[in-house]
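Next up: some structures, all given as structure tokens.
You will see two complexes here that share subunit A, one where it goes with subunit B and one where it goes with subunit C.
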Partner chain A sequence: MSLDILTPERISQWIGFLVAIALITGVLMVGCRRLQEMIRLFAFQSFVLALLTLLTGFSAHSLHPYFAAGITFFGKCFLIPYFLTYVMNHVQMRREVETVVSLPTSMLLSGGLIMMAFYFSHFIPISGTDLLSKLLGLSISLVLIGLFMMMTRKKAFTEVIGLYLMENGVYTLTIATIFEMPAIIEMGIFLDLVIGVLVMGVWVYRIKQTFDTVNIEELRKLKG
Partner chain B sequence: MESSVIVLLQVGFMLLLSPFINTLMKKMKAILQGRQGPPLMQGYYDLLKYFRKETVVSEQASWIFSITPLVVFSSTLVAALIIPTFFHVAAINFLGGIILLLYLLGLGRFFMVSAAMEPGGGFCGMASSREMMLSTLIEPVMLLSLFVFATMAQSSNLTSIMNWLSGQGLALITPGYIVAFLALMIVCIAEMGRVPFDNPETHYELTMIHEGMLLEYSGKPLGLMFWSSWMKQLLLLSLLASFIPPWKIVDFTSLQSILMAILLYLLKLLFLCLFVVLIETTIAKVRLFRVKDLLGASFVLAIIALILSVHQATAGGIKP
Partner chain C sequence: MEIVLLFLIPILTALFCLIPRSIQPIGCIQCFGMALFCGFGLWVIQKIIASPNPLHYWGNWMYLDAISGLMIVLICLLGFLASIYATGYMANEVEERIENLWKLKGFYGLFNLFILTMLMVVTTNSIGLLWVGIEATTLVSAFLVGYYNKQSNVEAAWKYIILCTVGIVFAFIGIILVYTAVTQAGGNKALGLSWDYLITIGSQLNPKLIKVAFIFILVGYGTKAGLAPMHTWLPDAHSEAPTPVSALLSGVLLKCALYGILRFSMIANLTSAVTVTQPLLITFGLISLIIAAGFILVQRNIKRLLAYSSLEHVGIITLGLGFGSPLAVFGALFHMINHGLAKSLMFFSAGNLTLKYRTKDMERVQGAFQLMPLSSVALLVGGLALAGSPPFSLFISEFYILYGGIKAHHWVASILLLLFLIIIFGGLTYHFGRMVIGPQPTTSPSSQTIPKGEINRSGPIAVLIPLALILLLAWWIPAPLLHLLNDSVRLITGGHL
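Moving on, here comes the complex of A and B:
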């Protein structure tokens, strides 16, 4: 395929764009007010990551990344968001995000986290090429943002989304470092994710059943 | 010779076309909403009307109230000369830095706010406190997003930034650049006082910001204040337009190249006007207390842009 838009320099440029879009969606996920929007943003970010995988697969001339991209596309763009929406509707909680830190402040803080991540990604010796170091920065910042989200949100449900944001970060790291992740491992990880979301959905539901709330602060009270 | 022509062109353009651009935006919005809208010359009629009317000044007002229109008008005009409009060269390019641009606008704003509090009207005071709140949020974001371009071009002078931009061509469109442009766009719309932040068309006491400060003005000073706010709008639009590709280094010896540059600039301006109007017709005004969320988001965008562009530069992506 000798398309003009797919020369190595162009691919690097496209990857840069996708990294920027993924970063922005990460920050928007921290900043958005509604759970439904958050789930949609997660699906969109996974779509961006799937595209990233496709591009790296193209530049590495191997078949495995295509497979990983397909799995990511179907799983994280459709299956997991669908299930999360289902759980959200089933639990019947308030649809707004409740936070410990206010939303603008948490957006600013996540900007700081991104800065830190990109700064420290320079010190990791594997960051040889430009492409690799960009993806590395993205993955560290997604992990940090996900962790931050898990720390500051009050609902058990948002913790699940934070965890999946972190997983997206780890996934980015795998596409940045190992171009040829065997398909069987990818399948295993994916199975883990799906089982994870099922278990956590049931878990959120049970919390709601037992405590009548999914607010974590309330969970300190003893119920007997 | 050539620089004096540029100065004349730019002064004339900024002074004479800014009412037109404002009316044009009003007209576009009216058409999009299915109304007829004002005639295209309405801005000039308004100005003529204001300049013919008598001036009434409150008894409580001091000299600040009466010099403010002059200060605002002249500072905006000087700011308008700093930024490049038609060509890659600004009219005043020996002192034109980003910081000067922002603080000229800041000077005008300072006087406007203090003058609004002079006559002692209740709404004026409220509007000025809101304006100050907005400006504390706008200024850092604007500075930061312009600094992204400045770090790429390694100069804070707008003319040299434009020179560098025109030299680079399309290879310049990096993620950092686009994100910075988005942040700049959000903040420019806020600074223009247009829809998601402030509605230029309402006169309800509780919603207006910019209009609220002009409540006590009448006659010629009011005309000057309106004129300078239209000029500021055109200035910010041209600032945005100068960061939209394609760029060309203008060859001042050939008439064709000069005409092409003018045409290109006008096209970009039209496009931006349409964009702003589209935002205005599709999005509702944000509540005042939510404005900080939006501006905070654009601040984070600017930070991301700065990181990405610095990262690109250190990784050897583009040469300054």
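Moving on, here comes the complex of A and C:
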């Protein structure tokens, strides 16, 4: 009785549900007005992705995804958001998002990006399962939304968040494909991400110190 | 054993550099460490040459074949040269721009760490760890690019980090697609990310998927390799980094990224995706060449000029790999070594000049011959070598690439290559000729106060060694190096020719 919710059909439904939530979180992140909310949404999205990993691990009867889910949960729901918040408070930037494209337009555009991503994901010849095609669409959407965010937001800090949104997109692709990836590689990638956010935090801080602003529009001395 | 030592030496050197309390011993320790590094590098290379099969270490995590051997040659040689140069250069900088000794120690720590990460990139057996390594090189070298903490440094470092990290995200998609192709072909999942396994299973992979994967990889690692149009970080980072680091960035790091592309193209070439990989490599190579030519002609900052010249040479190497005939591939691999040497020569002599004149503006560096004859002659001669004139080894390798392209019937690309080489030749000789020959500018008051003579003792040594080497390599390639080159060409072209 208790396993009723975990039949293959149910799991497929759950996965579809979680993919939709992850997508909506992505769109909301683009529409966010405040940086703190953006970080929280990132943590929430990572949590959804960790759940997705757990579910696929359950349906594939493999232990390995549990490990990946644990790492993701620990790293992206706590470590990285915590550090981002720390940097944000430490640098004392204005908490609002500054953007080139207005927020509602951004949300609409990212909706368009999602449609494009799901359309084009059919052309990548990953034949096979339903799970894979759903996740592929989600993955490409998140990568595109992240890229869009990096291009249109004015703060160095939001570039980092956009980058990690892209990274979430790539991680989604690994959920579907990498079951037996050796753990040492996963650890390496995880370490890289955490060190990456530390290093970028340091550079945001240095930008603030030398330019007295975190607006990357000021960074245009080097040309030609 | 020897590989463990090879990895340990940069770490130990970094640690020992923390001990001394004055500038001079730090430089000595660094040079000594890198000399040892070269020694162990030679030992490893000798092992690679002696064994008929690629070497495996640490279970299956390390994989050393002739191509890795070539890259180790490059890392050891340029690491050593840059250390010699850094000894004098950083001592000069301590007087002017570095506040305290700990900052200098930090430089050497990061420098050694940077070498370590590059070593990891070229020796790992797993495409996953290769990705980790390349990202690690970005994170470490960003601190070196932004070392002086001025506005321009911070800007360059930020652009470098963001662009290369975005690029590397795309490369990761490519890696996952390759892995998917392996699982779809029913391959061994645990080994699906290892080079040696991918080479054996390569021909069974789904060519469509591999094509898509290769495009992602090329865009991703191409960003790091500085292929146009993803090259925009390159001139900033190269011009803002301390000069020894510029030489390493341009001479080794770009090649490490090319190494990643090369490895993937080897796998892609086993399938019918070869019809896509070669035109793509040729196109990206040509675009890089064209953009570099344009910027070289109008450049005023000498370090940016050298950076764009790196872009040109990366384009040439990519073209050589794209032509795919054994001769062109031989030329491309040989050109990696030659360009590394010539570019460190150029950065070092240009660094001597900029230290002397305290400006990177070529308009204001004139008549250098009267002030520092050795460095300025090296700059002029090196400029000729870089532009591809005989009797230097760069001429030989560029000639091989061109000849290989024509033999493989890539007529249009070969003719374009020749055309842009000529344009760039004109640009480089014009710029360097004006800097070295001619009168000193008498109008500016500052020129009166510049004293004659070289800036320090280690500068000329670091300049003369690569100069001698590129002259030597034009006439005689040492047998071990030739062996490595031939073996690499056989590995790369063996799949499809």
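Note that in this section the second predicted complex is superposed on the first by the 217 of 224 C-alpha atoms of A that agree within 3 Å, B and C clash if a C-alpha of one lies under 4 Å from a C-alpha of the other, contacts with A are read in each partner's own complex, and residues count from 1 in each chain.
The working rule: contacts are C-beta pairs under 8 Å (C-beta built on N, C-alpha and C of every residue); 3 or more make two chains touch, one makes a residue touch a chain.
None of these values were measured; they are calculated from a predicted model.
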Superposed partners subunit B and subunit C on subunit A - clash or fit: fit
Subunit B versus subunit C as contact partner of A:Leu135, first or second or both or neither: neither
Touching partner for A:Met115 - first (subunit B), second (subunit C), both, neither: first
Touched partner set for A:Ile145, first subunit B, second subunit C, both or neither: neither
Contacts of A:Val48 with subunit B and subunit C, given as first, second, both or neither: neither
First (subunit B), second (subunit C), both or neither touched by A:Met107: first
Inter-chain angle, subunit B to subunit C through the CA centre of subunit A, in degrees rounded to a multiple of 10: 150
Which superposed partner A:Val87 touches (first subunit B, second subunit C, both, neither): neither
Which superposed partner A:Leu23 touches (first subunit B, second subunit C, both, neither): first
Partner touching more residues of subunit A, whether subunit B or subunit C: C
Three-chain overlay, closest Cα atoms of subunit B and subunit C, distance in Å: 20
Contact residues common to both interfaces of subunit A (with subunit B and with subunit C): none
Subunit B partner contacts - residues on subunit A that touch it in the complex: 13, 16-17, 19-20, 23-24, 27-28, 31, 103-104, 107-108, 110-112, 114-115, 118, 122, 130, 133-134, 137
In the complex with subunit A, residue positions of subunit B that touch it: 174-176, 178-179, 292-293, 296-297, 299-301, 303-304, 307-308, 311-312, 314-317
Contact set on subunit A toward subunit C in their complex: 124-128, 139, 143, 147, 150, 156, 159, 163, 166-167, 170, 173-174, 177-182, 184-185, 188-189, 191-192, 195-196, 199-200, 203, 206-207, 210-211, 216, 219-222, 224
Residues of subunit C touching subunit A in the complex: 61, 126, 128-129, 131-132, 135-136, 139, 142-143, 146, 149-152, 154-159, 161-162, 165-166, 169, 172-173, 176-177, 179-180, 183-184, 189-190, 192-193, 206, 208-209, 212, 235-236, 239-240, 295, 298-299, 304
